[in-house]
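In what follows, chain A forms one complex with chain B and a second complex with chain C.
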Partner chain A sequence: MTAAQIIFLITAAVILGSAFMVVTTKNLVHAALWLIVTLFGAAVLFATLNAGFIAVVQVVIYIGAIAILFIFAVMLTRRSMTDTGPGLNRGWWLSAAIALLTFGGLVWLVSGWGGFTKAAPAYPSGFDAVAALAHALVSPEAFVLPFEVASVLLLAALVGAVYIAFQRKGEE
Partner chain B sequence: MPQPQDYQTLLPVIVLAVWACALLLLDSFLIQRKGLTACLAAAGLAITLGLTLSQIGRSSSGFSGMVVLDGFSTFINALQLVSGLLGVALAYAYVKRMGIERGEYYTLLLFSVVGMMLMAQATDLIVVFIALEMLSIPLYVLAAFNRTQAASEEAGLKYFLLGAFSTGFLVYGITLVYGATASTNLSAIFAAASSTSNLLLTIGAALILVGFGFKVAVVPFHMWTPDVYQGAPTAVTGFMSSGAKIAGFAALLRVFATAFPAIAADMTDILWALAAVTMILGNLVAISQTDIKRMLAYSSIAHAGYILMAFVPYGNPAVAPVSIAAGLFYLAAYVITNFGAWGVVIALEQPDGKGLQISDYSGLFWRKRGLAVAMTVFMLSLIGFPPTIGMVGKFYLFRAIIDGGFTGLAIIGVIASLVSAFYYLRVVVNMFMREGEQKIEREFWLDLTWGAAAFLTVAISLAPGWLFYLASAAGLR
Partner chain C sequence: MIPLSWYLTLSAALFSIGMFGVLARKNAVAILLGIELMLNAVNINLVSFWRYNNPVLMDGQVFAIIVFAVAAAEVAVGLALVISIYRRRNTVVADEIDLMKW
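And now, the complex of A and B:
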């Protein structure tokens, strides 16, 4: 076994274990904290895949912003440390069966894919992944159009969110 | 640098997006004059419509194959802009009456139209996805626009959650298609798919179909429709039931006809079954409705089934152009009739939420003849009864389907239409043969909307050739 394989196995075990804890722990704040461990594991995976920039983005955005937002939302809307309830509802076995079936189907499908046996293409020397990504986002030969439309989309979503959430005078 | 051709291809979309942003800014200065915001929004739509019409006959592609301008996109975009204009006309007095007159209404409506137009022009799955979000997110907010009413809030939340869920299917489908073909560009997918046909691609295409099926409300992905159509402000429902449907069908058609002809054999069976189930279930459940908004919601589900029929032979090059033209004609017919019907519903709706039962239409003919006659025309058109545009649309549609060799599906469609006569005619019977009283709202733009829609519904049916010619000329590039 190579060092990369050992790192992968440890990371995968941490991701799976913490993801299991996210859905089984009874305390919502604990679930959010376990989620951070899961997301951090994913960042490690990205780093081992030579996707350093994505790994940093994963830490900064998913852990730094989204997970923290979860914790804020839970703490502001519920009695966070005392509010515990059963983690499973009546239909849990059905969801588990569907999830297992889908997982099995996907494994079966993907196992027929030839890509696993191929060696990953090496980067050309002097290749800068971050520069390539930046170029792809703003080049008219690449993804500038979806990128710009996404900014308009975010504006529309922002206007909508403010409209829905804004408390006006004379409203309950 | 982007080339002039890139901008030309997308010119109407860009103009409307810039106009919407400018309107957002301008609206904050028009504090007590929201009517002016509506007029400016309508002006933006009208200018964009002019630009779109000036592009008739042009054909180009831009942004390295991400978007395309062709007869099909021009036809769909013109239809979208007309439905946007009608949406503003329906809303103008309605939002005042309901006490929800806010400038954001028109800005969000414009943003939604931008998404709808981009969707018809997208030739890359990433652009399709982002255009779908661009049209959906403003609609989620518009559905919840009357946010002090619990029903409207519920409609918005329900639409949002199920819409997000369906987007998940779409993105998953795009991922699998990318995995199978290593591209998100529709023509590149076509090239890769015709050399190797595999299961991954079929499953990806099916998941994409599920995602679009939610948007156009095809059974079994229709569960959100009645609640959202009923709870949303009626002017929003009228706009949403036309605009989102046109956009969904336009993208469905372009994606399947451009990228997936290789798996047409599998897809045709699936589309056949979806169309049949949608027509049957939509019409059957509509019978038991007593609320006019819910009834029209199930009617819109049933019509999604009719339109889906046109797509069944998409992989057969001998039949597909005629059947797609018939589908486009039917879409145009549905938009005109549908806006008219929702206009009548708005004319009878009261601020306290009364006037929405089918029994509230009793005796309408004896109180306001024009409105009752217009509603009769719309109901007949939705059944497919002469002399209305709905009849002409169904005629073209059934003929194209039978030519394609799907006689069984056409028979199901005809039977479903016969069943639908029951609940549409019940409204007509109520208006003419029962006694009743109702308060009717008079307002210039509203009256113009249902009046013009009724006129067009009859007039186009007498001379349908030009519209069918336009629909036939609206080919994919």
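And now, the complex of A and C:
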């Protein structure tokens, strides 16, 4: 057991435990707070994978924007401060069976692949991953088109969100 | 060093937990939380494939960035829909939103 493996196992336990709490907690504010724990765990994993920029973006965008948006949405859509009734469907055991089958199927599928247990290649010394990522995002030979399409998508989504949630005069 | 299989198994487990949340939860906001878990599992997969293939090729990280953008757009529109439905019908339970159900 190396230190990296111990860190991975602790992070994985935190991620899976908090993800389980996200889908089972009745109180939605608590579920959103558990989601923040899960996202932090994923950021730690990105850092162990030498993807420092992705880890920072994960904290800034997912935790700073998306999780806070969830907490606001929970606060805006509560009938009262007390939650009533069960949080899960009547057929939740069927959903659990489907989720277990999906997990088994995915693990079976990737374990049949040749590179399943391969070790990481040595990280090239002096390689600047952030600069390479920036070049890849704006280079015409690489990903400039998906990058621009993503920005158009974000603009359209924001305009659409404002239009959908806008309260017109005379309504209510 | 950690083998690739650990990351793939973890992200398969996280994806399945998120899928359970999407299928089993009643509250529409909780369903969106499950979708976030699934998107994170995909991101862990993409970044670990980037690291374990050839780190000089940045495709995996670019895909992860695009997933971030799509997740932000999806959450903004999804939560706007939930708030709009809550204003009109005074509910966020997915079973009670059945106007278009035959």
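Quick note on the criterion: the second predicted complex is superposed on the first by the 159 of 172 C-alpha atoms of A that agree within 3 Å, B and C clash if a C-alpha of one lies under 4 Å from a C-alpha of the other, contacts with A are read in each partner's own complex, and residues count from 1 in each chain.
Please note the rule applied: a residue touches a chain if its C-beta (ideal position, glycine included) is under 8 Å from a C-beta of that chain, and two chains touch if they have at least 3 such contacts.
Worth saying up front: this structure is predicted, and the values here are computed from it rather than measured.
Legend: residue contacts after superposition of the two complexes on their common chain; A:Asn89 is shown touching chain C, with no touch to chain B.
Contacts of A:Ala157 after superposition on the shared chain: both chain B and chain C are touched. In the overlay built on the shared chain, the residue A:Leu39 is in contact with chain C alone; chain B does not reach it. In the superposition on chain A, contact of A:Lys118 is made with chain C only, not with chain B. In the superposition on chain A, contact is made by A:Pro146 with both chain B and chain C.
One of chain B and chain C touches more residues of chain A, and that partner is C. When the two structures are aligned on the shared chain, A:Ile15 is found in touch with chain C, with no touch to chain B. Chain A uses residues 142-143, 146, 150, 153, 156-157, 160-161, 164, 171-172 to touch chain B in one structure and chain C in the other. Interface residues of chain B, counted against chain A in their complex, comprise 1-3, 6, 10, 17, 21, 24, 63-64, 66-67, 102, 104, 107-108, 111, 114-115, 118, 124, 126-127, 130-131, 133-134, 137-138, 140-141, 144-145, 147-148, 156, 179, 199-200, 203.
By the touch criterion stated above, chain A contacts chain C in their complex at residues 2, 4-5, 8, 12, 15-16, 19-20, 22-23, 28, 31-32, 35, 38-39, 42, 45-46, 48-51, 53-54, 57-58, 61-62, 65-66, 69-70, 72-74, 76-77, 79, 85-89, 91-92, 94-96, 98-100, 102-103, 106-107, 110-111, 115-121, 123-124, 127, 129, 132-133, 135-137, 142-143, 146-147, 150-151, 153-154, 156-158, 160-162, 164-165, 167, 171-172. Against chain B, in their complex, chain A makes its touches with residues 109, 112-113, 140-146, 149-150, 152-153, 155-157, 159-161, 163-164, 171-172.
The touching residues of chain C, when paired with chain A in their complex, are 1-10, 12-21, 23-27, 29-30, 32-34, 36-37, 40, 43-44, 47-48, 50-56, 58-59, 61-62, 64-66, 68-77, 79-84, 86-87, 90, 92, 95.
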